[in-house]
Each structure stands twice: as structure tokens, then as C-alpha cells.
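Two complexes follow with chain A in common, the first pairing it with chain B and the second with chain C.
Take a look at the complex of A and B:
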């Protein structure tokens, strides 16, 4: 506003100009919707126009984007628009939360570790080619360690006094198939991130939507939604997965979709109880009396105000999904084409006496990742606890 | 004076009490049960009453934040209760609300600027910079800083938050603001600031303001007129000064007596209410205040003081509702070293402040026989005897609302009001012919109405005299009102109506009756006191 031009005041507004309901969308919402539309268009192009075996991208890298990759892209976009952007635009609030969060130094270390796992998991597989079968270099020990020279078929490192020493060519050693364990671990990171983040995104989105709508609409809508949740909570998703696994073979996409789409019941309950409390607050009535519609109130007031509980619950959901996927893979119920940690652990199990690193190292990563998520979740709960806010 | 911006007529809001899976209704909480008042443009009207009397429910249902169970709310010539979603949204722009608790009325996750701009946004102002400019200017004008736009609610004090709440209510330039206990959550020092700000803003923008409060001091400070509520009903309305100087309803008197007076000579003169507020799910029959009223009316043939009568009635009501805990009384009596039924009845009398012997012999006989029944454990007989011996008009009949200085009974006044509200609701609608409206009104009255005869009546509207008669009949207004002024006003309104000038018709009726005081009490009806201003 320039100083010489009189500022507009509320009396001078001509209220005959009417706005559409979309005008209540924030810039962030519009950005999210636009990017989602772009992704959808790209997906449509890939799915309908390109044949399945032609790669979607040939430059800068050759990348045939799978269904799971599309879902992961959507998840990353959601994280960008609804976690990163708000954190950036409400810097003072972010600083406040960060000050609370950093009181727990273990959680800060965990967060750094998780960030590293996330980045390596997302970027790494683009630059590392998929581990190939190479029987000639099987059972190489990790660097700085040595095993009996009889264990590897062909020791690539130095052999001294009957011991085969590891080399930097395979820092974490190789499996019995000669696959590089480090590459497997990096691929496993991506699998774990996909499993954890996509399923959690599905759970959080559906759970929050159902929970807030049920709480705010009340009456019959509430009754129908919550009774459906009751039914879904007793539905044995695991057996559905087993059945589909038997019929169509295991796939990571199926795992994520099945457990993401059936696992939101308790999230919806949690959100509903929180939202019920919030919807009694006077600011909701104030929004009503301003003429705001149901969608607006849910989006702008209820969802932001239940987000603390949702985020805390989500950070504890992610490790659950990762662990579950690892367990299923370990039992060979997972996707055989995907190098997940559980699968590598299972593969190395029989050789544990001779080649200890095959199972142990991916297991260590699985263990630390789960632990880190739990630490971060605890610290987030302490930092975001709405009961401490005034 | 002209047509008021808001006319609330017989507003009702009942909450069903349900039971079981099928949600069978087993009772209703009559939170608001027939509330009527008007608010003029630029006027401040106070709605006062104790906590739980339904003031806030009246506010939320007249703003259609909750759907009223019955009654009409006419806002600027249109009936709000019949609005659909689109009309409701338009109405929301013109009527705003301020809440009691400034802390919970702001979303902790939204900056105050966004919160104030929310109504703008909801009503379709897309331009962020424009919203920012308007809100900044408004924050300035309510005594804050435009730079506060990006701060969060927890960074402000209660008083500042209430200023922001006022800004949020003003930002879409409403015609009516309902303030629900606007200052009761604030420090006394801040209260005065906020009240001054409200007054200033109101006179600056010509707002109509409905202030809901339990604090008589606040009401006296800013209100032009007052409506006193008790248990879902309005018991008295009138200009603030007159009500404060000369309360007509015993409840108003008691409310005024409950405010501290900074004058030691007048201390302790206020009447003190006994008993609890009855539950709105089971309101007392007759006058709802009779269970606590210090001036409850004794039958003519008894010669007892009002205090004694109150005490006897308290005793009667207690026996009827909860009964008397005989064991406790007997224990108390033995502790004092006495025994026997006489000692027990004495103790009961003492407990209820009933004198050991009533001055009136008939009353005394009835009371002692009833007390004997109580002591004998025969509660039903006691109830019966007390009810037969101590009737009160306050319990038998519901007192109607009576205007001061007009010779109208309560029914006639209600009839005139319903005609008036109906006229007001036609003012902004598409003009329909009187005949069509009448037919509508009449068929609404008779559900089994024969359609064809309706149409015939519509066409055959008859002579002007006939039509006048039919209007009166439709609303239950007698052909000749006993009061001259009232009759003249109604007749002139009917003339305007027949020439299809609803505006003038409604205005005539409002002008003729609105500045008057009214109270709903049997004391008023049976023994009219002097008209206001005659002392």
C-alpha cells in the first residue's frame, strides 16, 4: 500500500461481488492440487500411452516408473506441501517446536540418521545399479574384517595366513549370490521408506478425513462411519494379503495398498475423539457464524488442530509398517523382486555360522531405523503435546 | 422510530432427551421457551438472567447457529427461520457474534490476522493484499497494531483478544452484533475499556447490538433497553433506566438486589432468592419463578405475611418434590434431647422458617394436619392436604406478558405481536397480494383446509371491511380492542396493509407498542400499579 493512496477499509467493501467456494483454498492447497494434477497427467501418459516395457524417462537417467514409484512421488509431494511448506512458512512456530524437540538429544541424532536413510534411500538407487548375481564374488567379508579363506569362493581382497580380508570394493561384504550387501542395504532403505511413508500417508489421509468428518458432521454420518470402522478393525487384512499373495504372487505395491487401506481404523478413532473435543471450541462456532461451510471448518480448523496427535501417531505407525514388511519378507511372503531388508536377512540366515555379515548388517539397519523412528516419535509427542500449549 | 432490525417472536429451542438405540424422545429440555423482543437499528439491547436461563441458547438460535424449535426471527424484513443455505450465508454476513471466552474463540493455529480475515475470505474476498489492508486498518481502529496481523492468539492478553474478536465481528460490516457475555471473562479494569470500545464502535457504525450478560452493571452501562430472562422465558422488558429504577417483576428486583451497591446505607436491602434454579427439562407449572419468588401471591382469604407465605410454600414444594427426610429430622430432635411427633413438626417448621403457629387459624389447621401426615410417613396425604390448603395463582396459571399503560390482556398483546412480526416478515419479500398471504395464513391455521375453497376465498377477497375482519380473525386480534390507543394503531396498520404497504403497517405497530415496558407476573395483572413515570 502506498502512503498517498487511502487504504481500503471494511465499510467500503461492496458485498455484492460473490466468491466461489474455491476462494477459500489457500495457496498451499492450490499448489498441492496443481502438482497432484501434474503427477496424475504424467501417470496417465505413462500408463495409457507408453507401453509397459518402455522407460518413462530416458534422460537424465533411464527410469521406468512403476505404480509404486508414482505413489511414492505423491507421498513425497504431500510431505513437501503439508509438512515442509508449513514448517517453512510458520518459522516462529517451527523454531518453538525445534527448541522443544532438541531437548531430547537422542531424538536429534535419530532424526539426522533418519534423514540420511531417507536421502540415501531415495537418491541412492538412482545411481546404484540393481545388485546382480555374481557367484564368483560370493561371501566376501566386509572391509577390515577377515574370514577363513575357505568361505568365499574367490577372495577378492588380500589373503593372509589363511584368512580372506575384505576390500573397499564391497565395504559391507557380499551375499552367497555375490550381491553387494551395501547396495542391498541402500535398496532396502528405499523399500523401507516406501513401505513406511506410503502406507502411513494412506492411513493418515483416510483416517484424518473420516475422523474429522465423523466428529464434525455427527449424527447418522458419525454413526455410519464409526460402525464401518468397527467392522474394518476386526477384518483380518493379513489373511487377505496371504490370499492375494497366493493368487497373484507377492508384490510390495499390494502390501502397501492392502495395509494402508485397511489400517486406518484406529487412526480415525483417535482423530475423531480429538476432533470432537475441538469442535466444541468457540472458534468453530465463530467460523460457523461467519458463514463458513463444513468443508472449510474441517480443513482450516479441525485438521490443523488435530495434526499434533496425527503426526505423533504417524511417527509410531511408520516403524510398525517397516517391521511388518520385513517380517513378511523374512517369511518369504513379500515381494521376491524387491531387495528388502527382511529378504536379505532371511537369505543370510543359513550361512550365519560362516558369513555372519549377510544377515547381521541389514538387521542392524532395520533395528536402528525402527529405534530412531521410536525416539523421534517420543520426542515429537513431547514437543507437540497439545496439553502443554496454552 | 421505525421498523426494528430484529424482531424475535416466541422463539423456542428445545433439546430432546433421548433414550435407547431408537432415540426415543423421553423428554425435552426447554432451554428457550417463547422468547420475544426487538432490537432497533443502532440500539443496544441487553438480555440478562442467571447462568443457565437460556440466554446464550437464545442468541445462538436466533442467529441460526442452532435450528430453533419454533417461533419467528425477523431480521430486516425477512424471516430467518425459513432461510435455506444460500440465504443463511447472506444473513451470516449481516449478523455477527462475539463470544464470552476470548481464548477459546480463536484458533490457536491461526494468526489473529487470518482469524479476523476469515469472514472476508468465507464471503469470497480472494485478494490477500486486500484482506490484509482491511484487517490491518481494523486492528488499528480497535486499538491494536496492523503489524499484529501475523501474531498468534496466545501472544495477546484477554482484553486484546476481545478487541480482536470485536474486529472479527466487524470486518464484514454487519448490521447486528450479538455479544455473548463480552466482558465477563476479563479483569474489571479491562472490562471498562472493552465496554467503551464497544459503545464507540456501535455509535460509529450504527450497529444494532444484543448484549447477553448476567452482570447488571454491564447492562446498565451500555444498554438502551433490557429484557430479563428466567428459565427460558422473558419476564420483563423495558428501557434500562426504568427497569433499574422501578423493577416490576420480583425476579428483576432480586437480580438488581444481587449486584453489590457501593453505599453502606443501602446495603442488605436487596431481596435474596431462596432455592435452586429449577431444571429446564421439568419447569415448574404456572409462573416458572413461583418456586423462588419472594412475592408469591397468597389466596385472598388468608391473612399471612409474604415471608410466612413463602416459607409455607417452600415447605409445600419440598414435600411435593423430594419429600422430607424424617430420619434426619428425628435424629436432630433426639440430639436436642426432645422426642415425640410434636417436637418433629416443630423442627420441620423451624427448618423452613415457618412460625410455630400461623396467624391465620384455617391455614394453621391445614398446615398442622399436613405436618402430622408427614410425621406419620403418609407423604401422599400430606401433599394433597398442602395443595388443597395452600393454592397460589402463581402455580395455577402461567402469567401472560402485559404491557404497561395499555389496557390489553396478554392474549391480545400476543395476537398483536404475531400480526406485527408477520407484517415485518413480508417487508423484504417479493410483494404478494394480501389475499394470497391471508389464504396462506389461514390454510396454515387449518390443516384440513379445503384447497378449492381457499382459492375461491383468495379470488373473492371481499369488501375492505370483510378483509380487515379476516386479518384480525387470522391472528386472533379481537374486532374491537379495549384500549383506545392500541385499537387506533391496529386499525391504521390494517389500512396500510390493505393498501399493500407492509412497511408502513409494521412501522405503525412497532411505533405504537415498542417503547413500552412489559412484564409477565400475576402481580401486574391482578393489581396494576402506576404507569411508569407517574411517581
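Take a look at the complex of A and C:
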């Protein structure tokens, strides 16, 4: 990706100034930092001035913003400033990547599906109230299907020749405690998106920073950072999570923090090996000999030039996190307060024989979401990274 | 640097890593309140006794009132001498519980590993030599499917279809049948299918990518020109150079996917192996057993990494040992 301020040329840069901290920031970075400060101020207000049970917003909707929601807002801001804005300002490059990406029609379908899951997951829970316990309407079958009328306590749809038919009131049926499966699925979309995107943002930020700094600084810094990565890589995050979950109890926040803060080892290795190749190239030598500061080179030359591999690796990281979260909440080792897909699958496991839809439908959404991320990641690699052949 | 020195350094590094893992785990345990102690205190308070006295009695019995350094060195000595404590929930030493569970984990993991390596390699090599044919596309799709499908959900669906509806396989695992025999093989079909679909995808994709680099190589063309058969070309000329990078994934990645997946599969199918032992220990708040089982999994990962690196250097003498 090219610089986003076209007026800046090699001659116009004040190279003496690039040693200082702030001159390495572009207009986009300043925008990102300003909005981050805004969010931080709002967080401080919510955390210190409002009591925990008072909702942060009462208008236009009542919304008590949780710790996780704050992190999610920051993640969305990062996506806006570092994915959406560059794509918009470099329209010619965007068109080129899109033309490459479009060759893979399966990936385009997947992208549309993921966009739908993302939008419904972010917007849906605002309008749908949290699924409530309603034993009178338990085990309603999905619409267009029918089960033996003895399965639901009280069939809401038509009963014909001993079979209970599903209704549009509960398009995907209800669970054994009467919660609507569609509402649970929509809430699960938000949980999955939060888990996938926030953990990946943490991994990408830390991994890219460590990788580029290790590659460009070299010497002792490189050695210390990479040996630390070695140690971190041998400690399996899954079992660290099990241990901490056992000691402190599970929460989604802890899941994201543990997997985000310990999962960046292989990303750092990937970025370092890529950045080592880049730092041999002529434009880095040119910037170096013009007297550019370390931070400036890393920020303006190394990070943009490794970003293609980073984006590809990140798309393939997201489904891994989603799958892990679902697996853990399936084992009831996740966050019991959050309606995640894994939890619904686990809840429907005991009455698979009578109410097949409770476990299978959320599982289908989980499966298709992971599949879609893999297809998109594969197509992105082909589009962004023509050197890599897999 | 000589190869021997590299191997020695790599083994030492594994020892250091193990030591660090043990220390971090000890630190975590020392910092946090023990769930079992909390339960005792709660019970004492509920029956009118003093919670403080109950805690002190508990700490004295477990030796937790001694200085930190004594506790740390005791813990380390116990770990090294494989004296891993007493499991309260099972009323047996932790080591005995683990030793009893290992055969059940081995009985499905050995066939899974053999099957996924054999099938994954052959399908991967086949799609590399028949690139862009219908079989290649089918194999690629299958790989994506196996990689993306959540193991535990796939296991539930298979159980629903083949055990509940069709009745082909037993729904409940019976641990009393002999370990090697038809009955055991019969009830392990579904778990092995689930695990193979999960692990085969990686092997297939990597072996296809690695083999693709060599199918057009000069030495393969030479072999073809001198009249070598397809099978001979595949095994002697393509597989041998491709085997080196394949080792990296074969040991490391399979092990990684496998450890987490076996945990889920054992819980879903009710196989009383290591995963279920660890899961039940968490539910029963049995700290010694939780620690023992998680550490076993961690050590398997550390040793897998070690074997992978050493195998890599032995297979490929060109590797520069200075740059890891």
C-alpha cells in the first residue's frame, strides 16, 4: 500500500525530524489515536462515574456497555482506520485486488455470507431481547418441519395427524427451556465475531510489532525477543486456558486476553522472516542513508510491506479462535453468561433423538462461518501474495 | 556448528522450557486460592465452625504453611521423581490414574495417526501429480471440509445418524471389552473417523504443496525419461525431497490439533482416556489431577516439538544450524 498523503515525496520529507516520535504518524494515525482517546474517555466516564448496574446509554437504546463491548468498539475502529480507509483512499489498488479476488467465486459468496453474519451479529442483539426462559414453548420444531406431537409440551403451530408443525414465530424452533434458536444463533454470531476479531487484532498488533522490531533492530533485541517467542510457543494456550479457567473461573474476556496475549508467537515469526527479506531492499537502504529514524522506517516502510502476509495469516487465524471458543463453551468451560454457539450445541446434546434441531442448526452456522473464513483467506492469499504458492 | 552440538543445544532448550512451564504453573497455583480449600471453608462456615480455622487446618495438612522456597523445591523434586500427588476425586495417586487412562487414549490415537498420515500422504501426492483434475478438486474440497467442521459437532451428528437412527455402532463406549479385539475396533470407528477428518486435511494440503514443487523438477523428468514407473517416481524421486518439510507438520501440527481434538472427542464419545480424566478432574475440582493431566499434555507438546526439530536436522543435512 502506498503512502496516503500523495503530497509527500522523497524531497519534501524533513529527514532530521523523522527521528522524533510523532512525525512518523500519518493523518490516518492521528485520526485513529484521536478516536481511541475518545473511546478511552467514554470508558473512564462509564467505569468511574457510573455505577456498574446503571446502563451507559439510555437513548436511543438502553445499553450497558461491558468491558468486552469496549474492546469490540476499539477493534471496529481499528478495522475502520486500517482496513476500510486505506481501501477507500487507494481505489486503483482496491480495484486490482478485487479483480483478483473475484476470480474465486466461492470466496465471493463466502465474503457476502460473512458480511451478513457480521452485520446481523453486531446489529441484531440491539433489537432482539435476550432469550428468556419460557418452559411453555419448549421444543417447538423449525418452520416447515414436523415432529411427533408428544415432543413439545405445548405445540404452538398446527397439529395434524399427531404431528406438531413449526411456526414462523420460531423459524428455527426452540430449545428444551423454550429459548428461540434463531435468537440464540444471532447472539452467538456476535459472540463469535467478538472472539474472532478482538483476539486476532491483539495477535496482529503484538505479532507485527515484535516481528518488525526484531528484524530491523537485529542483534541482542532480536535474540531476546525471538527466544521469548520460543518459550511462549511451547506452552500450549489451550492448556494454559484450562488451568486458569480452573483457578479463576471462565469468562469470555479472559479467553480473549489469554489467546490474544499468548497466541502471537507464530505471527511474530512469520512477520520477522518476511521483514528480514524486506529490510535488505533498496528503498530501506535509501531511507536509512537519508537519515530516517528507526520508528519511521518500521512504520512507513516495513509494516506496509509485510501487511499482505499479515492480512492473509489473520484471516486464517479468526476461524481458529471461533472454533476454540465454541469447543470450550461446548465443554462448559467457557463463559456461562454468554449465549455462544458451543453452549447451544451442548444444551441440545441430551435430547438429540427427539429435538434434532437444537444442536444441529447452531452447529451448521458454526461450520459455515469457519468454512467461509477459510475460503476468503485462501482467495486473499492468491490475490495479495502472488509469490506464495500453496 | 556441528549437528551434534545443535541437537545437544536443542535438548537443553527443551529442558529449560519444561522447567519454565513447571515454575509458571507453580506460581499460578501458589497465587490463587485452592477451590477445594474454599469449599472446606464454606462448609465449616455453613455448619457454624470457623472458616479461618478450617483454612489453617487445610494448609497445615497440605504443608502450605511452610516458607515459599521449601514448597517450591518440594514441588520440583516431586515433579521430577514423578510423585504427582493424590487425586481426591478418584482416591488414587495421580500417576496411577494417568497410567490407567493412557491405554484408552492410545487405542484410538495410534490408528488415527497411522490412517491420517497414510491417507493424507497418498491423497496429497495423487492430487499433486494429477493437478486441476476433478479428483484434485474433490480432495481440496474434502480438506477444507475436514479442517472447518467442528470436531465435537461432527461427532454429535455422526452419533445421531449412525448410532441413534441406524443403530450400527454403540451409543455408549464400553471400557470393559478387551483393548485389542473386534468389539473395541467396532466402537472406535466413529471416534477415529472424526479425528481422521480433522487431521487429514493439514497433511493432505501440505503434502500436495510440497510435492508440487518437485513434480516438474529436472530429476523427475530424467527419471521419467529413463523409464521409471509412476510409483517409483513418486516414492523415490518426489517423496524423498518433499519428506523434509513434511516432517515439520507431521509431528508438530498433528500433535497440536490432536491434543485439543482428543479432549473433545473423548468427552463426546465417553472414552475414559486422558482427555476425559482431565475434564472430570476440572469438574470435580481435583487440583492435583488437573495439574497432572494438563502437564502431561504440555510435555507431549514439548517433546513433539523437540523430535520435530531433531528429525528435521537429521533428514536435511543442508540446514544451517546457526539460524533457527
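Assume the second predicted complex is superposed on the first by the 362 of 390 C-alpha atoms of A that agree within 3 Å, B and C clash if a C-alpha of one lies under 4 Å from a C-alpha of the other, contacts with A are read in each partner's own complex, and residues count from 1 in each chain.
As a convention for this text, contacts are C-beta pairs under 8 Å (C-beta built on N, C-alpha and C of every residue); 3 or more make two chains touch, one makes a residue touch a chain.
All values derive from a computational prediction rather than experimental measurement.
Enquirer: Once the structures are superposed on A, label A:292 by its partner contacts, choosing first (chain B), second (chain C), both or neither.
Expert: First partner only, chain B.
Enquirer: Check whether A:331 is in contact with chain B, with chain C, with both or with neither, and answer first, second, both or neither.
Expert: After superposition on chain A, A:331 lies in contact with chain C alone.
Enquirer: Taking the superposition on A as described, I'd like to know which of chain B and chain C A:300 touches: first, second, both or neither.
Expert: first
Enquirer: Tell me the contact category for A:13 with respect to chain B and chain C: first, second, both or neither.
Expert: Once the two structures are laid over each other on A, A:13 reaches chain B alone.
Enquirer: Tell me which partner A:323 touches in the superposition: chain B (first), chain C (second), both or neither.
Expert: A:323 contacts chain C only, not chain B.
Enquirer: Now for A:282: first (chain B), second (chain C), both, or neither, which partner does it touch?
Expert: A:282 contacts chain B only, not chain C.
Enquirer: Give me the intersection of chain A's contacts with chain B and its contacts with chain C, in residue numbers.
Expert: Residues common to the chain A contacts of chain C and of chain B are 389-390, listed in rising order.
Enquirer: Flag every residue of chain A that touches chain B in the complex, lowest number first.
Expert: Per the touch definition, chain A meets chain B at residues 1, 7-11, 13, 15, 17-20, 23-24, 93, 281-283, 285-293, 296, 300-301, 304-305, 307, 389-390.
Enquirer: Using the touch definition from the top, list the residues of chain A that touch chain C in their complex.
Expert: For chain A paired with chain C, touching residues are 230-231, 233-236, 238-239, 242-248, 319, 323-324, 326-327, 330-331, 333, 342, 345, 349, 352-353, 356, 359-360, 363, 366-367, 370-371, 374-375, 389-390.
Enquirer: Please name which positions on chain B make contact with chain A in the complex.
Expert: On the chain B side, the touching residues are 60, 63, 65, 88-89, 92-93, 95-97, 99-101, 104-110, 115, 118-126, 129-130, 133-134, 136-138, 152, 154, 165, 168, 170-173, 205.
Enquirer: For the complex, which residues does chain C have touching chain A?
Expert: Of all residues in chain C, those touching chain A are 13-14, 17, 20-21, 24-25, 28-29, 32, 35, 144-145, 147-153, 156-157, 159-160, 164, 205, 209, 212, 256, 259-260, 263-264, 267, 278-279, 282, 285, 287, 290-291, 294, 297-298, 301-302, 305.
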